[in-house]
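Report on the following structure.
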């Protein structure tokens, strides 16, 4: 086979054009999560990003990058199927396979650092004690923030997520905060009667910000096989389907606490980002949208600049929480 | 204008053909909710059906009909907008306008009775006492079951739905059961950390069945107006978007109680019905799907007959709760 | 939200209306005896073509609806194709024109959001679910000899069937079709085919659509032989002008309103006009309207 | 779920495989040095046409992918159009054929569910997002002179580019394309154009696709001059036959597997083959595969 060497402009990939493109209106998109300053509010959702994306979008333009949730020990994750789809959404039961902290620090983290933007390391555990251990293991590691994923099942207490109980959240977060000098973001589970209570518990415990929220529990059934599609039986629902629910949770959480709220769930366009900001979010995370289109996050950044211009918004932070109800 | 009188078969409406069509494979679709026997498992969801549909689908083929939630007193409902849309879903904040029980008994109920299928009257209240009152007011009324909608905001306790607290649910349902001889179905709210707990409370209190579930709280924002789209700020999400979550709630509730579970949320095809049944539902309610296509429920009935035939299911009840996980 | 209704400060028109069917004792006569029963068709799309700037024309084969639909009634169009995802709510659309013999109805839609974009993507030969005819249309009084139709933008679509209905009768139609620019004015073709007496096409471009100029033009034109009825749709400002002209000429004023809808039939309670004071629900736009009598609550009529 | 893989009792093939890149010490060499970097195109659809029974052929303008894609690699196709709803997950699809000069790739899809239905609905001139080339393709060993390709149904699509790659070289291809019926057998056109030595099209209709008959035919045909490599896709039963033939002929056996995927790049961890015993995650089909070396864990090789 002969390599075709064509350097005419027409041979530019759409990808190349996307890399070359830039925001044009100069909207000030900068935001702060406590002491952590971000150039803009867009970052990936944990588990929905990896260094493998480096060539597919200009990662260095993002506000931050977020790692997949890290456990102290190596873990293999759930049986297959781990993924399936639903109406404008997807279900995953990946189950957080993890290389463990030693391997992560040695081989994974350097690849995240190479993007030159703040790195948020997501941490998890299956018992309160595990959260403290992983925090300690990361004590000397260079990253800009921790995100504490409290949606992991609490194996000490029947498997309900740690994040469903305000007192447990407060204990875990206090413990993490005491063991790190980094900003601590707490990623809440939406599967609770009152998100405000849990957000307040995190704030009380010294969290820098809360991420609202992780996936919604869901299920899919294979009729022909008369079995659950997911190897794990149930999984987490994400994508546009959940957006109206997350928007309302963000609005509630923002009303309940003074610390910044990071919105996460179903964001796929610049309009979505702005809606989250109006509802009270300081920043947003995007997960499923990156699967649909790998360049979704940086596309949203350019569109957000243009949309703010169109709506007469010079500084994104100015409109945070300004929705009238 | 001259009336065109064309009685050739081609002039038959699609509607007429739908009325003339019938299930062909003889699958036994009959189900029981306690003592209440239904010819098939399909009924409308409260608030998503009215006698106005009489001419648009053969209502007499349904397993039952369900009224909009009735309050004791006349109520006007929420300000507009009361509806909006989201990805594969809709949000409503209708807010349960009600003619009040006297007017309902006089003018509304007779229209429901005229269909010749079991009538389920949905009842609600804004305080525990109101549920008891409406039950008493319906004591001598001819209907086949009550559905107790515990998703109404409890104005005595800060507006959180009555259905979010197991003890309150048990009190309210016990009170209703004590005041009626009818089967009592309790329609749960999904906005709780553990649906099993609430379902058990309803069972404990003597409920005949539980309906799982009402709408999920959500929000939509009008960017140009920088305001909530819904007059009420937040509303309830329904439609295909919520189906995976409801499927999992049905599965959980069915595992938690021995009384029948009625699945409700996002059902729009025969496959959906069968998935709900495999997950443990005895019957299903359809709401949003009727807006998309007024004949959805009876179409699903015919398709369900054919689908069961295709999958070798002679009696729907045989496969209830048989999903492998 | 995308709404063809201009907004202005003050009481919205929707809070100033009363149902046409409302009788003296206040008991509504919803679903009045004269209304055709709604039906549905999985209607074959016969024509689907862009029209003007941002509009799209659809001709649907829907014989029963074409036969029975009254002027000012509407249909619900489902934008989701069978077996495919799509918006869960159907879209309310006025019947822009109908041909009872051919069994067709015409819809003119403004392409504004996801639903109308999808409706416009249907190709001839595809089938589209249409439910109708729905709602209370415009009511022509038996003694009416002259009607003024005042529509703006896509709102004109609700008025064109009034002209069709009056074609060949002794009722004279004066029609105003207003729009931002010439390619945003709709209805002229139907009006002309229906043989209206006078048609004024006015645009913002030329300033002719300005309310003051419209008032001057219409009073000069009609003060001598005023209409007995005025019908309007598509603009709050035009509705207020109609109200004023109605008082001037002692004419009956009817306005067609819009609301987000789910059922279009009166059972979902999603489309109430507003909140009435008191426990009584305000009128439903789909079932008590979309055409209402326009009267300011503070006015004496 | 819809999967072109036949299932049978016993250990699934996915639990019997090892990554091609896995070295003796067990450390994977994912994203090996020889692999082209993935890119994406909003590719113009050049051809979109039904094919056989229930299949659909797409030709996409994707120059970089056409240029670098290796045999057995795949792409992710996004079924949602820009600005429109649609499935949130892209669909993994083998590159069925490619033309590096024209800058096109061909996809043959089995229309089984919502995603493939939508992909088939794209019209020429529309743009479809394609990400690739992805994964570890088939590895042709330098000393290989003869390859047996054994595909079933749509699974054959993963094998056709092996024949394309060998066209004009001294590697001989023997290809078997199996399917339920003649209109379910794919690949013949590409195989012929690539000048394969022998092509057997076998169907269930005639019984020729039966494993025993296939074994007889292939051993009769190839025992004299067996292939050094066997490559397969689309059927568990065929994969087991390949394993057996591989032992018989001391040939290397490679199999292309499927899994539900979200990223196709190795970061979402959605496509692991199964659960390995122990804390180590099992291989990822998108990044460690989709092509794996097939070896029963209980076998001695």
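By letter and in written order, the chains are A, B, C and D; residue numbering begins at 1 in each of them.
Definition applied: a contact is a pair of C-beta atoms (placed from the backbone, for glycine too) under 8 Å apart; a residue touches a chain by one contact, two chains touch by 3 or more.
These numbers were taken from a predicted model, which means no experiment stands behind them.
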{"item": "Chain centre separation in whole Å, for subunit B relative to subunit A (CA means)", "value": "35"}
{"item": "Interchain centroid distance [CA atoms averaged], subunit B/subunit D, Å", "value": "46"}
{"item": "Chain centre separation in whole Å, for subunit C relative to subunit B (CA means)", "value": "33"}
{"item": "Whole-Å separation of chain centres (CA-atom averages), subunit C against subunit D", "value": "57"}
{"item": "Residues of subunit D whose C-beta touches two or more other chains", "value": "85"}
{"item": "Overlap residues in subunit A, where contacts from two or more other chains coincide", "value": "87-89, 224-225, 239-240"}
{"item": "Topology of the chain contact graph, where touching chains are joined (line, ring, star, complete, other)", "value": "ring"}
{"item": "Chains grouped in pairs wherever the two touch, ordered by label", "value": "A-B, A-D, B-C, C-D"}
{"item": "Complex contact set, residues of subunit B against subunit C", "value": "1-4, 6, 11, 13-15, 47-53, 55-56, 68, 73-85, 88-90, 92, 94, 97, 100, 222, 224-225, 229, 239-240, 288-295"}
{"item": "In the complex, subunit D residues that touch subunit C", "value": "84-86, 114, 117-118"}
{"item": "Residue numbers on subunit C that touch subunit B, as the complex places them", "value": "1, 14, 31, 37-42, 63-64, 67, 78, 80, 85, 87-90, 100-101, 103, 115, 129, 131, 165, 259-263, 265-276, 278-282, 287"}
{"item": "Parts of subunit B lying in touch with subunit A, wherever the complex brings them together", "value": "86-89, 91, 160, 164, 191-194, 216-221, 223-228, 233-234, 237, 239-245, 247-248, 251, 266, 271, 274-275, 278-279, 311, 319, 322-325"}
